[in-house]
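Structures for review follow.
Common to both upcoming complexes is chain A, partnered first by chain B, then by chain C.
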Partner chain A sequence: MRHLGTVCKKIALSAIQTTVILIGITLITFFILHISPVNPAEIYLMGNSGNVGQISQEAIEEQEKKMGLDKPFIQQYALWLNNVVHGDLGTSMTTSKPVSEEITDHAVPTVALTAVSLLITVLISVPLGIYCAVKKDKALDNIVRIFSFLGISMPSFFISLLLLWLFALKLQMLPVIAQRSPKGIILPALVLIIQCSSKYIRQVRAVILEEMNKDYVMGAFARGISEREILFKHVLKNSAVPILTWCGTYFGIMLGGASVIETIFSWDGMGKLAVESVMRLDYYMIQGFVLWTAVIFLIVNFAVDVAGDIIDPRLKRGRM
Partner chain B sequence: MLDINNLSVSYGKTRVVRNLSLKVNDGEIVCIVGESGCGKSTALKSVLMLDKNASITGGSIIFNEKDITKLNSAEIRNIRGLEIAMIFQNAFLSMDPTKTIGHLFYETVKAHNKKAKKIDCLKKAEELMKKLRLWETERIFTSYPFELSGGMCQRTAIAAAMMNTPKLILADEPTSALDVTAQAQVIRLLKQVKESYNTSMLIVTHNMGVVANLADKAAVMYGGSIMEIGSTNDIINSPEHPYTKALIKAVPEMNGKIPEAIEGLPPEFNDDMVGCPFAPRCSMAKDMCYKKFPEKRDLSQSHTVYCNCCSL
Partner chain C sequence: MERKKYPVSFWVLAVLIMLLIAAAVFAPVLAPNDPNKSSLMDALKGPCQQFPLGTDPLGRCLLSRMLYGGRVSIFSSLIITASVFVLGTVIGVFSGYTGGAVDMVLTKIISITQAFPKIILAIAIAGVLGIGIKNTIIALCIVEWAEYARMARSLIRSVKERTFIKAAKICGCGEIKIMFRHILPNIIPPLIVSASLGIASMIMEVAALSYLGVGVQSPMAEWGAMMNTGKDYIQTNISLVLVPGAAIFITAVIFNLFGEKIRDVLGTRN
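Presenting the complex of A and B:
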């Protein structure tokens, strides 16, 4: 039963870690919002009309009281935290809808975009990265190197505009504004795939190359194992954990919402929601978004950890 | 059985093994001794063409009437692990950390016999380990390399190397990474392997103790060339080459006498090196030593030295 004990201990430990991280992250965002010079009550009263300076001081103070902004900072945070624990993320100041509803509403397009982009990114990058490592400095490796270099150095808005110009204006094959249509997903996904694959191919290549220089590879060669078997049965298994970790990172980045890309293509997901909330200083919405991103990264990290435990005996036997 | 003739090996443009000639007969243990960086490991690895960065620039390696340097990769693969097995300095690092030791034994057989079954291989491995007096086989087979001690790992690696009963074992500093008791166990095990299977061995080491305990024949290497070669008795008890003498004086003894270090540093490899590579550190060096590589001189049937100055 010693085994069960260690498993429980591990779960308890990660639960404590998770709580501390979540409180830390939300506290920091709360503080940053608190010290920002803009008054959310004023923004709220302005609504979308933008009539600056036309709201009376009394009205602002009244609104502050309503929103709890007159209370000390720590009390505000405690109030918010208490509500979150009870499942209430607050109400969006701009749309007056519950934050949780806004998140679930905007998460769907982002999840769709992530699923498509990540799948294709992995399908392109992992095989190509392995190939480039094995055929290092050969023709295809050099071509891929150039494309990766371009993909990494061009900012996402620039790639987006290039693709928009080519596919929407010149060829008129795809819509300029995506707006949750199946055809509209192609361009934003393409930008994400180009951006992530450019890095991921190089990362996979580097991991494989490093692994192939290790002593056990020469050991396997000396035992007469074929190059193919060494690559697929030994090198790949040993490289799986770092390759998976990178994949988890991209998953987190994509699910967190690619703000620039979603905004350019009017893809109504989490990234666009985040940008809009920041523009309007929508306190609770921003807090909700930060919480969402943090939770996603924690889940992804945990999943990668567990997968690593399963794949790599060094981790499995070392920890359990 | 193994006949290395005038072998030269280069890394890029640097020649690190120069005209090396060495013979290993059936059931013979030959040691190559020398300081770090004298090219002994490179020479050993080139027997199985294992170092991708090294290229063989001259000479031949004849094994069972085939020149290994002229074989294609599939033919070399058929020799690796089957006819010639190799043991590394750090056994633990030479094994895949994500596979169990049992899998290592299985894979070593399966690489040369596609039909091999895991159960049969493990049974054979167990018999082999018992014959070599290695116990706890059950625990070892289910362990990962990092779960065994260094000495245990090295002895297991030797057992695994014997799975296909190779005719020749190459060992690259098999004792250097171990503590003294584990060293003794490994030496004893290698002796046992030779006695049980009449396996020939080519062992690279910088440890004179290994030479004295194990070798039938020893070759002293310096600067990529062999300086002196002879039976173990010749080399240990009547060394002729100044370098061999210095090397033996540098061995620590139990009586508290501080060993004598050899002055200077091993040579850097460059291609305009002519003459005897040891000359800059040699107290007996004459002008001619810098100009021309010394002639081969046979002192007896088994004892050969490459030196201009000694025993004249």
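Presenting the complex of A and C:
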């Protein structure tokens, strides 16, 4: 029950902070798009035909008026913000569908990819990281260290292309174009797992090692407490918060959409949508996407904070 | 004070990095062919005497393009890392040392920058500024400084409260002297470690932007851009992907190993 009061206070405080950050992020995005030399009205009229010559100046001006682009920058932003507050994210300039519909449509594959990848990443990294910390410099630790080191030194698109070449082209076990099929999720998920596990194992190992070097652990050993009990009762409990924080970071990164990986495997999620929207300068779609990632980032941060306070009461006292 | 010991492996890696940089600097001397000279007669050739690693779809020498590409990849990532290191540290130190309202505003700006999806923001900025290596560098600087600023800020806040700073103040030490003699030497090593570990990921991010087609403009050679060309021929000619990919990988391994050695030497893993 004691938690309830502080949690409420936290929610109120972070609600204000969240609003400030969300407005800041969307304002900056709007500004970047605004100073871009490309005219979104022209892009809208061009549609997919890509023919500029046939569009008259009047038509462009009319379209600008319709999209509210003839108004000053701040007024445009205020209009957009007002619509968002009322639940309208605008219309995509390329597909003419509502942005909210596009987001919900593309969020499904990304959420699926995230769920699979994050689950396996955690299942691999946390036990392996703990094991490697406890059995430091033993054979398995060295092997894992070499592999995770190679993993962090490879760009995602290189891993992706190698896996694509091996499994889809040479062995022909998996489809080249994923297209939301259950079999298609294997390769993009594999790349994400390789990338994130390589980092996560190292982070878990470092956190546990740091905790094991503290005086109280040596004290516990001196009192004859078994290694198992020290590890599970004290060390793991004390290192749970940083381990959880990293997990939250990966969750946020994955949900934001792994643009490069999704593009390579034609996995039709948020990351691919974002890259395509930016390339076409689809104003409202980009704004919608930025809003999506920012909200995820903030929710994940908040959840990790609250969970941290519950797991480790020292943090709460420290912060107040 | 005990002088820090540099192990042999540190020097080996330092030499390897020098070799990489030398290969990039002397690319015009080392490259067997002109990297941009295309001839369709020689397209997609295997390794031979004239083209040691074969050619790309436009008949350009892969080895020469790899060497020239190293110039772009290595130097641009060094420039970005150095810039964000300086920029982030200055902002973080200023924010953490001043405190109060300035700190609050700067912290918000740092949070906002970090809440952006990095690669998307970089693509958007590169798209607005126009495609090209200079704009790629600017875009990645805008995206990356916040990490160093946040780190510098939290470091300075923990150092500021330590007893030796209070002691220096009581002894009548000036603000500037405290900053340069006492605070900076304590916060710079961890930042150097994270910068040296960041070089490799910067190489990969520059390459990722070029791979997506918003980084380096053709016909300029760059590792990510080379892989983008190569991916369409992956079925018949995997070496188009393997050569630049291996170049990125080996460079990243060397820089990462060097970063870890620097961390061990500076002993910031406390």
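Annotations for the structure displayed:
As a convention for this text, the second predicted complex is superposed on the first by the 304 of 320 C-alpha atoms of A that agree within 3 Å, B and C clash if a C-alpha of one lies under 4 Å from a C-alpha of the other, contacts with A are read in each partner's own complex, and residues count from 1 in each chain.
As a working rule, a residue touches a chain if its C-beta (ideal position, glycine included) is under 8 Å from a C-beta of that chain, and two chains touch if they have at least 3 such contacts.
Bear in mind that the values here come from a model prediction, so they are computed numbers and not experimental data.
In the superposition on chain A, contact is made by A:Pro155 with chain C only, not with chain B.
Judged by the touch definition given at the top, the superposed model places A:Asp312 against chain B, while chain C stays out of reach. Set against each other, chain B and chain C differ in how many residues of chain A they touch, and the higher count belongs to C.
Contacts of A:Lys214 after superposition on the shared chain: chain B is touched, whereas chain C is not. Once chain A of one complex is fitted onto chain A of the other, the partner contacts of A:Phe232 are absent, as it touches neither chain B nor chain C. By the touch criterion defined above, A:Thr29 lies against chain C but remains apart from chain B after alignment on the C-alpha atoms of chain A. Judged by the touch definition given at the top, the superposed model places A:Phe73 against neither chain B nor chain C. When the two structures are aligned on the shared chain, A:Ala222 is found in touch with chain B, with no touch to chain C. Only residues 17, 20-21, 24-25, 28-29, 32-33, 35-37, 149-150, 152-158, 161-162, 164-165, 169, 206, 210, 256-257, 259-260, 263-264, 274-275, 278-279, 281, 286, 289-290, 293-294, 297-298 of chain A touch chain C when the two sit together in their complex. Contacts from chain C toward chain A in the complex involve residues 108-109, 111-112, 114-117, 119-120, 123-125, 127-128, 130, 200-201, 204, 207-208, 211-214, 224, 227, 231, 234-235, 238, 241, 245, 248-249, 252-253, 256-257, 269.
Chain contact summary for the complex, chain B toward chain A: residues 48, 50, 77-82, 85-86, 88, 90, 93-100, 107-108, 111-112, 144, 146-147, 160. Within the complex, the chain A residues that touch chain B are 214-216, 218-226, 229, 234, 237-238, 311-314, 317.
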